[in-house]
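Multiple structures are listed underneath, in structure tokens.
Okay, so chain A shows up in both of these, paired with chain B first and chain C after.
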Partner chain A sequence: MPSHQSAQVNTLPHPDGSATVSSNGYTVLCTVNGPLEAQRRDEQPLEAFIEVHIRPANGVGGPPERSLESTLLSFLHPIILTPALPRSLIQITLQILSVPPTAQTLRTGSAASVARIALLPSLAHAAQLALLAARIPMRTVACVASLAVVEGTGEVGVVGVGETGGGKVEAVHAVGYSRQGKCLLWEMSGRGDGRGMKAVEGEARRRCLVEGGKGEDVVMGGVEGRREDLMGWLEGTIGGWLKGQQRWKGES
Partner chain B sequence: MAYSDVLLPGDEVPQEQLPSNPKKALSIGPGLRHIPPSTISATSVGALNVDWRRNAAWMDVNGGRYLPSTNDPIIVRVTGSSGEAFNCQITPYTSYAALPHLSFQDATKKTRPQLANGALVYARIATPAAHLLHIDPELTCIDPSTGKSEGLGPLKGGMLFKISLGMARRLLMTSKRAKEDAKIIILDRLGEKWGFEVAVGRNGYLWVDANDIQRTMAVGRAITEVDEQGLVVQEQEALAQKVLKQG
Partner chain C sequence: MPLEPKISVNEREFLLDALRQNLRLSGRKLDALRPLSITFDPDDYGVTEVQLGKTRIRAHTQTTITNPPPSRPFEGTLTITAELSPLTAPHFELARPSDTEALLSRLLEKSIRRSGALPVESLCLLAGDKCFNLRVTVHVLAHDGGLPTAAFVAVLASLMTSRVPATEVRGGEVQVFTAEEREGVRLQLVHVPIAVGVSVFDGGAIGVVDADGMEEQAREGEVVVVGNEVGEICGVTKWGGVDVGAVELVGMVEEARKQCEGVVKWLKGKVEEEEKRRAKRDHAGERSAENQR
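Moving on to the complex of A and B:
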């Protein structure tokens, strides 16, 4: 799966933190600014106020973007250590840079909800990398996998990458796991039963954190011992970025 | 850098990696938090640093927005003046910091500096923001122990450059040992041939004045280049030679 994705940290010079992530055929640019002065009506006495804006690849945002924003906010809120920055504002802006050609016209109907699920991993990963770059205190880091269940066979594959073998899709899921193995996000669209959900859970967990959390012997930023799970990919991305930041030490 | 050196948010710091001086309380710096009773976990990404003598642990953190902390020298921009203080901006889009009119060396009600909007001041943070009391940070240009300015005050002329927070911290390391760790020689090399003044603000600003716009630009750009490209000592040496030759 990591071969389908790429990420870069601090792609823009002016925001406090930024990141670009491509996966499932979508490219998303996220910028984070904060802690800023919150407006009086948004200000919260004991924690930071988080604002999420999503801008579509073309046109202006509408109800689909507002709905994605609220999903993403409820995913990010437990991840960000909001009590560390009381009375302030953390502004997260996500611009969708490109969408796969098949998703161009999908603004309504069931195809739109598939597109929404397929977009969630890029949004979640870009937002977290930008938050890390902005040095916003966080409780954990989580990975999101988007999966499709094939009708009849109950086979589980990745959304939009053709791994489902062209079968008719029964349901799509976006499932997110924290580094500690806790489920922080589960969005689904379509029909599903308990058995299907169980299969999705196992597959999502495997794709997010194959080694159940920490990887010990992986060399950062190197090809050696490359892990195939999303958390390994995220760690590699962060490692590469940190290595660039530490270049002046001349240790490598 | 082996992976085990780097912590991600939520990772617990193993007890054996933390200094354990029985006589002093453990102090934890940026990037770490204490979860009672005895867990220390990371809140940011980076490598863990420990000082066994001072019984301290912190994380190497570069980037993000500057958060005011007491005694930090910073470069602020005056955005207005109220009854008895200038309103100053430490970072964009954050609440103002107050710089009292009388907190300059030898200032009285009649001799206080007249600062226009946009003027730059090199100041120190007297009290950081106290969020729960709704208090904004307060600045001063006087060293409380001597009553003198000690280099602080309005910055006239020169140019302002933006640098990373890590670079600002490195530039401000002045003790001999810390200077070796900071690995910055560009200022010394340029200073051997040219005369110029610099002021480094912990909030990520560098002010340079060489009384000559070309040299001011050359010095500022050399330092931003060292920062952005993470130049090592030898590369800084080569850059200094190049800059001196051109200017």
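Moving on to the complex of A and C:
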């Protein structure tokens, strides 16, 4: 599943940190500038002010982007160690570079709500990688899986949003877990009951953290034993980038 | 809010001294463009990314069907949006458009839309009722000078590779076909205008083609020339700055015009290559009903 994910860190020369992430057919470029001097009305005495701005691939942003911004902000706020940078501004700008040509639709509801869920993993991963590249202090890292509940014969089928294979989609979910196994994000669209939610929870946890999120420190770099979960992929990406950063130290 | 980092007095003096000896800090000649490169989205039409030195610009073209404005019932619409955001650098603010942004979008608007590069009559489907609305969005990903050149190449490449859906008008009804039903139609561009900027130094005595970020900060003015493939000048713009004598100005315009011609030839070659690659991938020849007679 992380095979169709790809990421590059620090792709742009000017911002403090940047990252490009592709998943579910979406490509998102995120840049982070910070800590900057906050405007007087935004300045907060005890923590950093976080500004999230999302720009669509085409045209200027509207209500769908504003709604995604508030979701992403509430996901990122507990991750960033904001009290470490009081009275400052952390500026996160996300540019959607490409969108898949055909959009999946819900059985009840519109394509827009599915697009919103399918886009969330790319946005969340790009923002975190860019924050790390900008050396913003963070409490943890979290990964987000987007899942679709497919109508089946009695059994609740949960697959990735891009893997429905033309099946009738009942609901879509975006679920995010921190490295410690805590749920930080749950967005859903469509219809669902307790049984479906339970199945989604199990599948999301499996996709995000195979190792169950025990929270112990692991050697980053993903050299020994490639992990197949999203957290393994995210840690591998960060590790790979850090290795490149420390090349000047030499092998000795 | 953050300000753009300025170059020091020493750096400025050093750069100017070097220019007086016909040298640039990058080692380029005074009349040389930085290497241009272009990438096309393999899955989507009308999505291009252009790199000019460290400057990176992406352009998307989107087509929708709307009603034409009542004052111009025989015309479709073409809109070009260029916005600089904190994505480029933190000193570009979201709410407050900078001068760079205003000048760039004005130049694009004037030289592509108003020069009639794309005849808007060709976007009309049914007079007074239905027309195509083309919207080109320009994303400046990295800014290191030469924004006009990179933006023009990106927008034109995007327009040259984009497709509008195939349509049929029967009895006053417009039928629009999806890409699966019928292949989209290429846009009919009349000419391909490209902008090249000549930066002015030393009180108007020195003209430098395609200044990079540092040279842009040290320059005393700029002349932007828009030219096309047949060597015509579509526009000359000079936004304030130091006075330039008539003879020097003619020389600069002539120099930039030659560069424009070269860039258009290069761009057309690249677009042709891309179209061939797509045709081979999509087996365009096999789907055609035409036969050789």
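Here, the second predicted complex is superposed on the first by the 221 of 252 C-alpha atoms of A that agree within 3 Å, B and C clash if a C-alpha of one lies under 4 Å from a C-alpha of the other, contacts with A are read in each partner's own complex, and residues count from 1 in each chain.
In the analysis below, a contact is a pair of C-beta atoms (placed from the backbone, for glycine too) under 8 Å apart; a residue touches a chain by one contact, two chains touch by 3 or more.
Here the structure is a predicted model, which is why all the values come from computation and not from measurement.
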| item | value |
| --- | --- |
| Contacts of A:Glu37 with chain B and chain C, given as first, second, both or neither | both |
| First (chain B), second (chain C), both or neither touched by A:Thr93 | second |
| First (chain B), second (chain C), both or neither touched by A:Asn10 | first |
| More chain A residues in contact [chain B versus chain C] | B |
| Partner chain(s) touched by A:Ala57 [first = chain B, second = chain C, both, neither] | second |
| First, second, both or neither for A:Lys249, with chain B first and chain C second | first |
| Touching partner for A:Leu29 - first (chain B), second (chain C), both, neither | second |
| Contact residues of chain A, present in both the chain B and the chain C interface | 33, 36-37 |
| Complex interface listing, chain A residues touching chain C | 12-15, 29, 31, 33, 36-37, 39, 53, 55, 57-60, 91, 93, 95, 97-98, 101 |
| Complex contacts: residues of chain A adjacent to chain B | 10, 16-17, 33-37, 45, 79, 81, 84, 86-88, 132-141, 178-180, 214-221, 235, 238-239, 242-252 |
| Chain B - residues contacting chain A, complex | 1-4, 6, 8-11, 33, 43-47, 60-65, 67, 93-95, 131-132, 134, 166, 170, 183, 226, 229-233 |
| Touching residues on chain C, where the partner in the complex is chain A | 1-2, 41, 43-44, 47, 54, 56, 58, 60, 62, 81, 83, 85-90, 94, 135, 137, 139, 141-144 |
